[in-house]
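So, here come the structures, one by one.
In the two assemblies presented below, subunit A is common to both, partnered first by subunit B and then by subunit C.
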Partner chain A sequence: MKMVSIFVLISILILFPAICFSQEKSKNEILIGLIPEENIFRQMDRYRPLGDYLSNKLNIKTRFTILSRYGDIIDRFLIRNLDGAFFGAFTSVLAIEKLKVEPVVRLQNIDGTTTAEGYIIVRKDSGIKDIKDMKGKTIAFVDRATATGFLFAIAYFKEHGIANPFSYFKEYYFTGSHDSALLSVLDGRADIGVVKSTIVRERIRREPLIENEISIIARSMPLPDVTLCLSKKLDSALRDKIKRILITMDRDPEGIKVLERLGASRFINASKEDFIPVYNLLKKADINLKTYRYKQ
Partner chain B sequence: MKKRLIIALSILFLLFTTGVGITIFYIYKTTKDLETVINLHRVEIIRQNLVINTQTVQTHLYTIGTAFGSEVDVIVEHVSDLDKSVQSCRGCHHNKELTERLDRLSDMVEQYKDALSALITTTANQERIERLRLVAITLGNTLLSMVQEMAFTADQRLYIKTINALRDINNSKIILFITLSIAFLIALLVAVVFTRQITKSISMLINATKELKSGKLGVTANYPYKDEFRDLSEAFNDMSLTLKKNHDELLGFARRLSHLYRVTIPLYYLSEEGMPYKDLTEIVKELFDAKDSKILLKDNGRFIDIMDREISIPQKEMEALYLYYKKEPAIFRKESPPPIGDEYIQTISGSALFIWIKEQEKLSGLLMVYNKISGDFDDTDLNIAAILSNIISVSFINLKLMENLKAQMKELKETQEQLIQAAKLAALGEMASNIAHELNNPLTSIIGFSELSQEETDIETIKKDLKIIEQESIRAKEIVNQLLEFARKRSINIGNVNLNILLKEVLQLASLQLKHGNIDVREEFGDIPIIKADHNQLKQVFLNMINNAIFAMPEGGILTLRTGMIEDKVFVDVEDTGHGIPPDILPRIFEPFFTTKKEKGTGLGLSISYRIIESHGGKIEVKSEINRGTRFTVILPVNLSS
Partner chain C sequence: MKFFKNIFLYLLVTFLIYSFYNSESFAQQKKTIGIILPSNVPYYEEVHTHVLKRLEGNIISGDIDLLIQKPYPDPIALSNAVRKLIALNVDIIISYGTEATLAAIREKPQQPIIFVGGYNPVLEKYRSNNITGVEFKTPILSITRYLNSMKEIKTLGVVYNPLESDSVYQLNEFLKCCPFYKITVIKIPIKTASELKKILPEKKVDALIFTTSSIANIALSGFSNTGIPVATLLPRKDAKPIISLYPSAKKQAEKAVSIIQNVIKGKRPLEIPRDLSADMELIFNLAEAYKMNLRISADLLTEATEVVY
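On to the complex of A and B.
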């Protein structure tokens, strides 16, 4: 009996620092996921200063991880035990429904907009003028779990009487990111592309000639753009602190530099109501979230 | 020398400066080359990182999308490093060609990133995915080829740069060594040449200095070259000549001082013979190196030559000359004689020095020094003449004072002798009076009782009267005897005397009186040597003193006898505790016939004692206080002098 007590005591003594250390470690790092809405390397370059800024302000190391495919993000969020992620409109809805996360802040673009539209684009020299011309062509979507890169186009096609859009085209594929979808059209790998307006505008800003190469066949209603959703498992005080830092960083000279690098003017409050247009699109696209297979 | 030194040092400085300049140039060049080499090595490291990262990413390309694929974060990290490597290369300054190549490389990296991103994020059929993978792999390989090609070029440049840098380092070492060697040799040559020249010059000056030190004043150093040492040798020569000149002047002064001293000697030893004029004129001649000298003194309205009384000058003319020269010593020159002066003065041939002898500014004589042998009289002679004038004048005054003193002394002696004679007569009178008084008493008694006996018939009464007459006669005889004793010059019988024993004998003699007088005796005898003295006379002295002490203590008291040494002499204290001697009487106690005992004493005891001790070469001291006592101290030498 005595031996058993000593064994238990020694075990507690050995395990106690390990337990403490592990708890401390979870508190000492915040891991936030990024959906690959553009070239993932460029995107990581944009977000890395924000990670440093938050680390400095929170005194907790904050880093980002690329979620390689839109559809994977729900699974990867769980597997990697993420504390939050910058989601697109559709993925935000998916996360709210499946991961019990809470929308915290949204990005306000440089031009003051806080929303993005979905574009159906073609090359000007493709000869495609409307939906009828698209039949039998190759279309590049971004991902099944993106509103501006997929959902709005499905709703659009259904509104225009195409019951099964996938059989309407010769080939369809998912580029995984908006700029890849744009590049697919520009490179001729796809005839039609479904992309987010902000990505197109950003690309045109960097390469103005592109504007003459593409034409927009259709565009969606404004949809909420990149939104930071934080896990409800995260300490509410820490959640509030992160939100406060992000909301006020446009008043901090250092924060302004980070925002410029991010390609945004500031962060604004986000709420579940912001995503009502997405729910409407889901209805139009005849997609039931509970049964929807967002994975490829 | 200074110029040559400056030129030599300037050449050395120039040589060193050139050497240092060349060395600095090579060091700078080498440093630059080494910097380039280091930078190229850095670039090599960057290139290697680039290659490694590219190869790593290429490896990941084959596993992306499979179960063995790495996490996207790892790929992102590698691509980020790859991108950093390229950007760090572009950050440096390169030539146009290289810049263009780096720009192409950067573009290639961007394309590679796009291809990778597309491959990682695209969801499509396998064929499309493989196509994307092929695109990415092809771009990656192209990138690797570009990097390796650039690395090859960089390696070549690195090799050439390294070789050049090593060659420059070697060159700079050789040049530095040659420069320093040449500079050292030149410095050595300059040092040897200058040292030899300086040593030679200094040696010459040292030798001259040694000669100077050994007393060879006026020695000169002849330095042949025209430089600073020439100036130094000239300064040395000046110094040597100046020293010689000053030395000669000092010798002259010393000689004159010596003569001056010699002049003063006869003047200090003025005797009854008066002023030693002959000596004086001779020494003055020597003092001024003159051919002749004369002394003229005032005498009865004229100034007469002491040595040749035929030569004289009227007082009036002499005083006019004295005033003409403002009472100061003067130089007379035949070619410019004074407008006044006696015929004799005017006949002086050559030059003469007039030294006035004064008595309180009044002219009393003239010392004339004729014709200086070595040149003419000058200011120095005048200064000495002024001193001499004062000395001789003072001597004349002293001579006069001494003569006055002699006269006064003679007068004083005569007066003193008269006073002594008068005092002797007075003393003799007093002594005669005292003797008469002493003898008068017994004689009066004798006369009285003789007259009574003549009238007396009773034989017994006559017998009694005769007895008294006899006693009084004896007393008179004793007085006369003592007087004779006092007057008589007794011879001293010298022998060894132990004063302590002598005093005990005296005490024995007086023991009865001491006992009756109730006097306590204290003997405080010290350790004293045996002295040479007359035993009996000393006994008489101390017996007299003890009797006086007993008389002074009628009520009894303490008598202390004390012996001891004072320096090399023996002393004896006879001290009583009696009534003491009044201060007004004390100076008279050693006078003959002076007594305080009335009929009980003759007043000769202490006078005789005093004479005895004096004859022994000693003395008696007395100290007395009223009602406290008296102490007589006899001090005697151990050995009686002849």
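On to the complex of A and C.
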């Protein structure tokens, strides 16, 4: 008995510093994930200054990492021991349900919007005017784990009497990013694309001729756009501090510059209630999150 | 009144029986398919090879005879080829490419015309009871964007044939969209493939685009490495364009065979909608780009359906 007690005591003495050290380590660096919603190089370019800004303000090195695929996000979050991530609408809901993260802030775009819509787009010269014309065509989705690039379209098709959208099309595929879904339609590699409105608008801003090339056949209701969700494992004081820094950065000249690089005007509060429209879409699409296979 | 009604009913029933018998007997007869395949355009050869493979798999051997004409892709040679097929009284005419199809349409044959690889903006206006087929559109804006993202282009040479309507249409599209990218379009009209070598040295261009013209495609074959980046809207394996953007040969063939089968079964072309699906192939030749010190960014490469290393 005495031997067992000594063994337990020694184990505690060995393990305690290790545990303390690992907590200390997590406080020395914050790692935040980014979903690959656009060209990853451009996306990293946009977010890097925000990492530097948070590092300075928190005095803790803050790094971003791009999660290679939407479908991997939940696994990657756990494997890489992330402290948080900027999620899309669907991945936020997945993370809230599966990772027990907390929505903290949302980005407000330059035009004042904090939401994005899903678009079903076609080339104007495709001859596709409505859902009937889509039968037997090729459709490009973004990923199974996107609201604007997949979920809304599935809900839309089901609402329009198409019980099995996948067999309605000749071919379907997932492009992995909204940018790519848009380009697939523009290049004629897909007849139909499901893509986020903000990505389309941004592309049109850079290349106005694109507006003459695409038609929007359907659009979703406004859905919460990019949202920072933080792990509840992260110290609550630190979570609050991060939120405070982000919410007030539009009043800091240095913060304004970072927001400009990010293509945003400010951060606003986010809550779980923001995602009610996504939960509604899940119902319409007949998707149960507990059994849903969001990985491809 | 009753008499006229009976006459009308009699005529209607007779017509229906005749139509039914006619389509049934058409379907049962051995068919001769006449094919117009412009020579020296490997893309059409490739589509045709896929068509033959699929036909062999789907139609009992011996059910069809094929009569293939491979004229040089100029309007006179194409028209002569169509006339031969009409004279030989083929049952169906299959034409590859826009100009071969236009040649077939001009001859006003009684036979059904099924076109493959037809350029929609040109063929759209030619609609009649005996024409159907597989068509495509070329996204001019896309190829301009991709080419421009590899190299800053100020002058873009567009190789086209004034006698081929599809290439003239594409030239006009380039003229519309290039000013947006601050690119000046330099017209390079050729009526024979050899003209390119004579004309090109007179033109100062940062890059070249070959339109879907068959003549331009033949010229692309002999186009030696001049250090000028080349993009093409009709592929050619014996040339090395940096970017190729064109409709998938396999998919064109797949859709064509489905139409051919329906016509063989007795359906009239009018009843078979033309197929205009998006099945474009986007190919980047990385090896050639490196030789010219051009960088194709990773995000561009992810868009490609094929990358040549």
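To be clear about the criterion, the second predicted complex is superposed on the first by the 272 of 296 C-alpha atoms of A that agree within 3 Å, B and C clash if a C-alpha of one lies under 4 Å from a C-alpha of the other, contacts with A are read in each partner's own complex, and residues count from 1 in each chain.
We adopt the following convention: a contact is a pair of C-beta atoms (placed from the backbone, for glycine too) under 8 Å apart; a residue touches a chain by one contact, two chains touch by 3 or more.
Just so it is clear, the structure is predicted and the values come from calculations on it, not from any experiment.
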- prompt: Can A:S180 be said to touch subunit B (first), subunit C (second), both, or neither?
  reply: both
Message: Is A:D286 touching anything from subunit B or subunit C once the two structures are fitted on A? First, second, both or neither.
response: neither
Field: Which superposed partner A:D240 touches (first subunit B, second subunit C, both, neither)
entry: neither
- prompt: Looking at the overlay, does A:F41 come into contact with subunit B only (first), subunit C only (second), both, or neither?
  reply: both
Query: Touching A:D130, do we find subunit B (first), subunit C (second), both, or neither?
result: neither
- prompt: Does the superposition put A:K170 against subunit B (first), subunit C (second), both, or neither?
  reply: second
- request: May I ask you to decide whether A:I210 touches subunit B, subunit C, both, or neither, giving the answer as first, second, both or neither?
  value: second
- prompt: Which holds for A:G188: it touches subunit B only (first), subunit C only (second), both, or neither?
  reply: second
- prompt: Once the two structures are fitted together, what part of subunit A is touched by subunit B and by subunit C alike?
  reply: 39-42, 176, 179-180, 183
Of all residues in subunit A, those that touch subunit C in their complex: 39-42, 123, 125-127, 136-138, 170, 176, 179-180, 183-191, 207-210, 213
- request: Give every residue of subunit A touching subunit B within the complex, in rising order.
  value: 36, 38-42, 44-45, 65-69, 71, 143, 171, 173-177, 179-180, 183, 296
- prompt: Quick one: in the complex, what on subunit C touches subunit A?
  reply: 120-121, 136-139, 141-142, 145, 177, 180, 245, 247, 276-282, 297-299, 302-303, 305
Message: If we count contacts the way the header does, which residues on subunit B are in touch with subunit A in the complex?
response: 72-73, 76, 79-80, 83, 113-114, 116-118, 120-125, 128
